Amino acid sequence: MTNETARIEAFSDGVFAVAITLLVLDIKAPPVSSASPSLAVRLAHQWPSYLAFVTSFVTILIMWVNHHRIFTHIGRANDHLLFFNGMLLLGVTVVPFSTALIAEYLGHDGQRTAAVVYNGTFIFIAILYNVLWHSASAKGKLLRQDADHHAVQLITGSFRWGVPGYSAALMFAFLNVTASLVLNLLLAMFFALPTHLSRRRNSNAH
Amino acid sequence: MTNETARIEAFSDGVFAVAITLLVLDIKAPPVSSASPSLAVRLAHQWPSYLAFVTSFVTILIMWVNHHRIFTHIGRANDHLLFFNGMLLLGVTVVPFSTALIAEYLGHDGQRTAAVVYNGTFIFIAILYNVLWHSASAKGKLLRQDADHHAVQLITGSFRWGVPGYSAALMFAFLNVTASLVLNLLLAMFFALPTHLSRRRNSNAH
Amino acid sequence: MTNETARIEAFSDGVFAVAITLLVLDIKAPPVSSASPSLAVRLAHQWPSYLAFVTSFVTILIMWVNHHRIFTHIGRANDHLLFFNGMLLLGVTVVPFSTALIAEYLGHDGQRTAAVVYNGTFIFIAILYNVLWHSASAKGKLLRQDADHHAVQLITGSFRWGVPGYSAALMFAFLNVTASLVLNLLLAMFFALPTHLSRRRNSNAH
Amino acid sequence: MTNETARIEAFSDGVFAVAITLLVLDIKAPPVSSASPSLAVRLAHQWPSYLAFVTSFVTILIMWVNHHRIFTHIGRANDHLLFFNGMLLLGVTVVPFSTALIAEYLGHDGQRTAAVVYNGTFIFIAILYNVLWHSASAKGKLLRQDADHHAVQLITGSFRWGVPGYSAALMFAFLNVTASLVLNLLLAMFFALPTHLSRRRNSNAH
């Protein structure tokens, strides 16, 4: 983190934090009613909201972790970085909407359309992570002078899986939308993996 | 606070700040109506919203204080810390929903179910505080080299009361849901106590 | 700003920023309708929302400026500071609700009740500013060693006007609620005044 | 960024981040219905929401970039700066409302009124950028001692286009509201341009 990128990170953190917290607005308290199904039953019926909430929460969390990770290697900012970062945040901001959509339609007509929008948002974000990272790391343009080449290449390698991964989840939705959501959760966990490398680098520094 | 944990804290602060402020959206202005009960009476009828708001506000506030407190001792981050912190924030993010639920159902059928969800959220968060703190402090793994052992043990000791405390509040809800909410308020105050220790440590440093 | 108070300020800034931005949710776009009054007319009818929005925005802004100002003099934190600051933030968080209430009821039955709640929230916050500041500045307990005595006393002096000022606005609401809102705006401007002193102090430092 | 302006920037960043993320609340998931038009068709009908969302997102993003840019040159704060910055943030906070309005009315009676409000908000903000910048940069009053005169003049020059630009978009709305929204997008891109200058200045510093 340098001064030049510090405020980009602060603003991005703000957007990530607000977007991840707004997700809960998609889970509604069922209105009080004296009709027969108990509150417990009515809450249980809302399981698509919980599944969509957890999936999107974990996905945005991992995106934030990755944003943090790539900015530990970036030392300078330029117009392209600002622009691509802005488009990436636009994608993140859309997630509460696409989450509301999949939560509402899971198990109803239109659930495939909802899954296309949901995974489409993630594909858009995955493309922007690749473009942002390429624009910053190609020829080491915006990287810190002490950036670890191995860690940089590992990020490049793992980001390659974003677009095909979310495209697979999108295709999968045509077979089974619920299973596709679970695949989204697994994808988020895959993108969480390479952290240990930056940790190793930190412990090497001793 | 070190550079390595600074952005985790900044992001967590953002989530805490948004979640604690979203609580107010659960308090609705009663719609204008020319019917007989005056606005004052209709506002008074909303007391469950106010009780739930204050209880959740104070609870999230104390959680934030404790988050702040444990991160004053943590000097490094690793994958587990990031993951457990993320799950902890997931719990915090759910609080505006569980608060809306208890506010809506207090005094109606389903209030016990609502209290189970409300305290269940707090039990989930209490478990994660213990797991996060254990993962960071066991064998001093992620602690700062100058971390005060006495203060570390006091945190460990006080966190032990989280799960049984909120479980008691949950049980209590089967007798009286309102009294259980008041117990939640008292629990928050209990977890606020051990601050004076870190203060003492600071004054010792002179 | 010291390390000890930095995270309190960061969290408080987050709450202030979210609360001040949530105010806009009280201004609703009128639903599309082909009925006779034009959109311009229907928007003009919403003037109580705009007046309440601007008044609350300016008031929270000035509260933030004052929060900022008193924390430039505070060098250490203790339990009381954390607690009073938390209660102060609770009051700030309530403002979007009390604003929605006054906007909804201005010009209808219940507008006096709404004005009592609106000003009551501000009186609560004004009390807490006094208590927080007294707890920090009495005998210079938590102040920085280089705190400017004259500036400290000026803050103490100006804060004295908070409770009587908002109480006057509350009383005034029994005569005319709209005029009372305008008085709230004027009060916010009064509390904005003493900044020039801290500026002078800064220029003296050269 | 100096200590004196750091907390103004942090608070402003918070407001920008919340406002830009709240924009998504204007995009609603269509309610589940078994009636004939498919979800895809109903989503496509919501295109005004998407156009308004993207336009406002990009506009707030560029405003944030410009806010960031001018504060890299500002070294001190005074009352006027705080006040003008506060009014500027008030304008930014209104954008989610004006965006909801244009999204709701595009293609319906009242769309011209909505476009007047939408562009009126931007004109208000553009005026405040000019006033804020003039108050800070006239005679170099609040600028850092090492501020680059060329960069300062370029900012002054580009800000001159704000009021006429958004006024043109407002006029244009009387011919075609959709085209006027697209003009708003183009304006945002125009105001994004002069970044390369501050970059050049940074690279000169080597």
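So that you can tell them apart, the chains are marked A, B, C and D in the order they are listed, and the count of residues begins at 1 in each.
Here is the rule we use: a residue touches a chain if its C-beta (ideal position, glycine included) is under 8 Å from a C-beta of that chain, and two chains touch if they have at least 3 such contacts.
Predicted model, so just to flag it, every value in this text is computed and none were measured.
Touching subunit B and subunit D at once are the following chains: A, C. A turn of 90° superposes the CA atoms of subunit A on those of subunit B, with the angle given to the nearest 5.
In this assembly, the chain whose C-alpha centre lies farthest from subunit D is B.
As for how the two copies subunit B and subunit C face one another, under half of their interface residue numbers coincide.
Subunit A and subunit D have Cα centroids lying 25 Å from one another.
One simple way to say how far apart two chains are is to compare their mean CA positions; for subunit A and subunit C this gives 36 Å.
Across the assembly, subunit B contributes residues 10, 14, 17-18, 22, 25 that each touch 2 or more other chains. Of all the residues in subunit D, the ones that touch subunit A in their complex are 1, 9-10, 13-14, 16-18, 20-25, 27, 29, 31-32, 34, 38-40, 43, 54, 57-58, 61, 64-65, 68, 192, 195-196, 199, 202. Residue ranges of subunit C in contact with subunit B, taken from their complex: 3-4, 7, 10-11, 14-15, 17-19, 22, 25, 76-79, 82-83, 86, 89-90, 93-94, 96-97, 100-101, 104-105, 108-110, 113-114, 117.
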